[in-house]
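Once you scroll down, you'll see the structures, which are given as structure tokens.
Next come two complexes built around subunit A: one with subunit B, the other with subunit C.
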Partner chain A sequence: MPVVWIDGREVELAPDERLNGIELAARVGIDIPHYCWHPGLSVVASCRMCLVETGRRDPQTGEVQMLPKLVPACQTPASDGTVFVTDSDKVRQARAMVEEDLLLRHPVDCPICDKAGECRLQDYYFEHGRERRRADIKPFHSRKRELGPTVRLFVDRCVMCTRCVRFCREIAGSSELYVEHRGAHEEIEVFPGFPLENPLAGNVVDLCPVGALADKDFLYQQRVWFLRPRAHVCGGCATGCSIWIDQNQDRIYRIRPRENRQVNDWWICDAGRYGWKHVHDATRWIEPAMRVDEEWKSAGWSEVLEELDRRFRAAARPALVLSPFLTVEEAYLAVRYFEGLGEASDIVLGPVPREGEDQTFPGGFTIAAEKCPNRRGIERVVQGVTGRVPLSWSEWLEAGIEADCVWITGGYPSAPFGESDAESLSQVSWLVVQDLFDHPVAARADLRLPSVAWAERQGAYVNANDHLQAFSWGVRPPVGCRSEGQVFWQLGGRKRLYHPNDLLAEMAETLEGFSAARPPIAETGVSLAGQRIEETEVVG
Partner chain B sequence: MKPDDPAIRWIDPPELTLSEQLYLPLFAQGLTTTMRHWKRTWTEGPVTVSYPDEEPTIGNPLNYRGVHRLNRDEQGRVQCVACFLCATACPAHCIDIVAAESPWPDRDKYPESFTIDELRCIFCGMCEEACPVDAIELTSLYNLTGRSREEMIFDKEKLLSVYDKTKDSEPMQSRSGGGAS
Partner chain C sequence: MAAFEPVLLARIERPESHTLADYESTGGYQTLRRVLGSQSPEEVIDEVKRSGLRGRGGAGFPTGLKWTFLPKERKGPTYFCLNADESEPGTFNNRILMEEDPHQVLEGLILSCYATGTTTAFFYMRYEYPLAWKRIGRAIEECYEAGYLGKNILGSGYDLDVVPHRGAAAYICGEETGLIESLEGKRAWPRIKPPFPAVEGAFRQPTVVNNVETVACVRHICERGADWFRSMGVPPDPDNPRDAGSFGPKLYCLSGHVERPGCFEAPLGLTVRELIDGYGGGVWKGRRAKAAIPGGISMGLLTEDEFDCPLDFNGPGRYGCLGLGTAAVVVLDETVEMVDFLHNSCRFFAHESCGQCTPCREGTAWALRILERIRAGRGRLVDLDILLQIGDSIGIIPGTTICGLADGAAWPIKNAIRKFRDEFESYIRRTNPQGYEESEPVPALDWTTH
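Showing the complex of A and B:
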């Protein structure tokens, strides 16, 4: 077992572990400041912030030989016998010098900088910098430059860590950015004619340790210390990236990636980053409405639920259309309810929106063509409960609809239903649509229920690689909207409030495909792969 | 913090001296203050003023904490850079700012709207203290009245007009002498 010493502490590593000084220090709770190093990018050791003293311990005599110069911890592997010293006067002095140097040409316009509050330069200066600034430079204005449609560069705030440049080269593979000039004149620049507009461009803003790169969508919208991040899972595509929803009083301001080495590493795509606008759309349904004499009349939830229960229990052949935006718990409750109605009910997988082909980037990040988060989870649930594969939407329509009462669940950010779908459903005697927005099928409904967006759901999604991630709401839905989970929880006669964690425990007990998903689920989720299910054909 | 926290240093109250134990000397000491004011009222007249018939004089108007104003820069534009520090410091949560990109080339950010609910404000002056560009200041205007709640919610225009009204009598104070403006 390799043994490493850090600040007098002995750390034992696994034989095949390859850590650098920063990672090793983080393991024992020591924070080595750094700007340019990022676990997902190559090492350049250019910021010099992580300088530490290192040495080697002789295995026979136990004598420690220290190197005379400081070395960057990000570039120093923690191999057997390495000694790190991170808290000596020499190291402290080096950090203060680096901080002073970085601030020499920095505008210090923190009051108008969007990064203030989560800025490494601020944090590290507070922790490691000098008390007073010796250079006689007054705060000034940073020059700015547009790098692309979504990203703006504040040139003078940059500390030249080149994380953004390396990201575009190594992860996105599009290499739009480069470093212009040398020495103190270095600047980040885009190649002429190649604006920063790759589908992962927004990540450079999260990577930037200072306020140099700003997201124009979030710029000046809110100060970061007012935001309360909530862990969630992106519903934009079947990759199901772990995200932080930065919200304040149930209004989303931005979405950031959440580190998850099993799904999305440290990245998200721009479609997901800006894919929350539908949540606060003013045209959303916010109360149940019943059609009475060709007029929409608003109704209360308790009245509506009674009517629903009565109609579906009396139906000769009820049908349930499961949206791929439902969480597995919601689908489970819905399928259980329809199973309870009798043998004859149809269980259908709703339309699965698709766009182009899966797009994989050199860094391994994939944007799925399937623009919904939980098709595989829904199929798994239906198969687990009923033993059958759910019919796909087009199969069901083509076969000719025999059902008399149909419940279409939703949560689609943009409706995948057309006029032809509405035509095919014209024979249905009672149609319930639960969704966010108006669409041709909803126009024919007898009852419409306001659903919730994916950012407001609670439960778990299963992504394209059968990885299950559980989450709570990112923001709370508008008053009057109820998730499918809450509705079917109540219809199923369950007591208390909708509680997805209890349901997942129940599913892990009873359904074969979910036995690995026994709560508590790790923040990074759990893989259901290996518990194979039968595949359905995906028809858009 | 719990009572058994090691960071707490417990100290005993000092022992009372004989004169303190007697209580009467302290009683006399307190009474002399009353006597002093009593004597002053007799010789110089009352210390109170009969407001509103009489206007009180304010010791140092620059230190007084009355109605807020938003200062203008040399070009007559709002000095505020919409950094939200006043709204962050405000213990009464009475400041509401909407920031936007500034229409001027030499400034990045400015407040599109800036409202203070003067009814909610407790006039503590924390906003003034937090401001990095000396844009918000409390004036010596103390007689703040209105006929409705809406009237007491001051918007940017109103706050700038307070500046126009008071800028001559109370010149802008610059404490930081810098900041990003």
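Showing the complex of A and C:
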């Protein structure tokens, strides 16, 4: 086993492990400050903040031979016998000097800078900087310019780490950003007519260690110290990126990627980043409503649930349409409820929105064409519980609807239903639509129930690669809205509150295809691949 | 000294020295013909190693050793980059070689390429040398016509193409990996090492980067042998295990306040005094010298007391300078204000810092600002300590930058202030009698552009 020493501590590495000094230090809880290094990007070793002392330990004598000069930890591999010293006077001096250098021409406009509170320049200054400013350089004003439709550059806050430049070259592959001029006059720039507008552009804002790159959507909306990040999974497409939902009192302010090497690495796409606006849309349904004499009349949940239960138990042929926005637990409860109604019920996979083709970037990141998070999970649940593949929406409609009572679940950010869908459902005697917004099918419903958005759901999604990720709510739904999970939990006669974790444990016990999903689920999720299921044929 | 016959500069006085006909009339390309016909590349490398030839570009790395770093097994092509991006202030020896004797350089280049097994060489010339660009271009054409370049050179079966490439006027392109990046069409930001160019250089292939004067020396080593080369110069310093000795002739560029500036050839080990008095005709206008730059501005400063410093690879280092550099000696006479000298030096480096590593990008700019303020009569004594701290904190020697050019930016600051501190202090006291003792942060001057 390779053994490495860091600040006198002995660390054993796995034989094939390749760590640099920063990663090694992080493993033992030592923070080596750095700006330019990022695990997902190439190493340039140019910010020089991570300078450390290094040496080699002779395996026979135990004698340590130190290098006379400092080296960047990001560029120094931890191999057998390497010795790192990260807390010597020399290292502290070098850090103070780099920090002082970076602040020479920095405007220090923290009070009006969006990054304040999560800025490395700020944090490292308190931790590693000098007590007093010695520089006699008059800081610039914070000149700003637009790099693209979503990103604004505050030129003088930049520390030239070039993370954004490397991201556009290596991960997005579009290379819009480059460094202009030389020396202290350097600036990040785009060519005229070629703005920063690739589908992953927003990541440069997360990558920026200082306040130079700002997301215009988030700019001046909220101080970061008021935000409470909640771990969630993006519902925008079948990739299912791990995300942080930065919220304050149940209002989303921004979405950031959450590192998950098994799904999205460190990135998310802009569609996901800005794909939360529907959550706070003023036109959302916020209370159940029943059609009485062609008029919508609001109703209470307890009254509605009784009516639902009565109608579906009495139905000759009930049908359940499962939205691919439901979590697996919600689908499980729903299918179990419909199975309890008798043999004859139809279990249908709701419309699966698709746009174009899967788009894979040079860095390996994929934006899926399938614009919903959980088709694979729904299919798994239906097969696990019923042993059958769910019918697809178009198959079901084409076959001619024989069901008399239909329950269409939802959570669609924008309705995938058209007038023709509504037409096909005209023979249904009692139609329940649970969703977020009005649409042609809902217009024909007898009962509409306010559902919740993906950011408000709890449970687990299974992405296009059969990777299951469990999560709790990102924000709580508006009062009056209930998730399908809560509704079917109650209809199923379960006591206490909807609790997805217990359900997942139950599913792992009983369902084929979920045996790997025994809680607790790791933050990065668990792969269900290998537990093969048949796929529904989804048409366009 | 009189016994020394110039070798590299032997032909430059001839009226048509830059033409192939004239070069051939003085035995040109005979060495190439002989080597290609009778010696293997390994034998050439051995000869160059035995000669003790060290790179003339500034760092003084042993040339033969550099060539042996190329991997033994190579799948793709190997490239040779001839570094003619001579941008060190005070240096013009490569220009004279390229303008007056381009075929000597090309013969050396072909021999070096043969030794290293390269079939493509890039002639990377700085933008500011239009005559050299023209003459090298013409000389390459002549070589192709005469069969010294191209396929099957002189019937030996060896192929070589030389591609001239003109830089865009940046100091950093003289750094070998900066040069390679620039050659690849990128921003000339030096690469982090390892991998070294010999393993992965231009276009991700093994690459050798050598200076123009170095390959010119290779040509003469091949002609006259390693023993002839070792008969000149200075043997290794027994007290310095890292000194590999300084052998062979060297082109010294002498400029500044001397009577007869110029490029002179002499065996390595000449002292500064011998160069100034013997070759340069002494300090101009009958004045005394105050200081001299030993090898291009980035190598630091020698005071007049230190003029016995021998100009070999080991000498200037013993006097607190960075090294021999390009052996470009610039003489400063007694009237030079050291504050002005340092300001000029810092202005150059602030302008030329490539801006990749924080300490050099910001440090050079800050040093310039401080010196501007001192010259504006608002200097403080504490500024000298800040300048020294900036100087001590940039470069590959403290380990804070990627390339060695940052050390060159730091050295003039360190040498000037450490060796002439009294002068700096009296300047500050004289020009800022009210505030020289101030240690509080002072307001900046208005931003000026450079």
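Here is the rule we go by: the second predicted complex is superposed on the first by the 534 of 540 C-alpha atoms of A that agree within 3 Å, B and C clash if a C-alpha of one lies under 4 Å from a C-alpha of the other, contacts with A are read in each partner's own complex, and residues count from 1 in each chain.
Criterion: a residue touches a chain if its C-beta (ideal position, glycine included) is under 8 Å from a C-beta of that chain, and two chains touch if they have at least 3 such contacts.
Being a predicted model, the structure only gives us computed values, none of them experimental.
K.L.:
Looking at the superposed three-chain arrangement on subunit A, would you call subunit B and subunit C a clash or a fit?
P.N.:
After superposition on subunit A, subunit B vs subunit C: fit, no clash.
K.L.:
Determine, under the contact definition given at the top, whether A:Leu102 touches first (subunit B), second (subunit C), both, or neither.
P.N.:
Touch partner of A:Leu102: subunit C, not subunit B.
K.L.:
A:Ser46 contacts which: subunit B (first), subunit C (second), both, neither?
P.N.:
Second partner only, subunit C.
K.L.:
Once chain A of both complexes is superposed, is A:Ala184 in touch with subunit B (first), subunit C (second), both, or neither?
P.N.:
second
K.L.:
Taking the superposition as given, does A:Arg476 touch the first partner, subunit B, the second, subunit C, both, or neither?
P.N.:
neither
K.L.:
With subunit A's C-alpha centre as vertex, what's the angle to subunit B and subunit C, nearest 10 degrees?
P.N.:
90
K.L.:
For A:Val71 in the superposed arrangement: first (subunit B), second (subunit C), both or neither?
P.N.:
second
K.L.:
First (subunit B), second (subunit C), both or neither: which does A:Val159 touch?
P.N.:
second
K.L.:
According to the stated criteria, A:Lys138 is in contact with first (subunit B), second (subunit C), both, or neither; which is it?
P.N.:
Both partners.
K.L.:
If you count the residues of subunit A that each partner touches, which comes out higher, subunit B or subunit C?
P.N.:
So, of the two partners, C touches more residues of subunit A.
K.L.:
Minimum CA distance, subunit B versus subunit C, superposed model, integer angstrom?
P.N.:
In the combined three-chain model, subunit B comes within 13 Å of subunit C at the C-alpha level.
K.L.:
Using the superposition described at the top, list the residues of subunit A that contact subunit B and also contact subunit C.
P.N.:
In subunit A, positions 138, 140 sit in both the subunit B and subunit C interfaces.
K.L.:
Give the list of subunit A residues in touch with subunit C in this complex.
P.N.:
Result: residues 43-49, 51, 67, 69-71, 75, 93-94, 97-98, 101-102, 104-105, 132-138, 140, 159-160, 178-179, 181-186 of subunit A touch subunit C.
K.L.:
If we count contacts the way the header does, which residues on subunit A are in touch with subunit B in the complex?
P.N.:
Touching subunit B from subunit A are residues 107-112, 116, 138-142, 144, 219-221, 223, 225-226.
K.L.:
In their shared complex, at which residues does subunit B touch subunit A?
P.N.:
Checking each residue of subunit B against subunit A gives 81-85, 88, 99-101, 106, 108-109, 132-133, 178-180.
K.L.:
Give the list of subunit C residues in touch with subunit A in this complex.
P.N.:
It comes out as residues 170, 187, 189, 192, 350-359, 361-366, 369-370, 373, 386, 389, 393, 396-402, 441-447.
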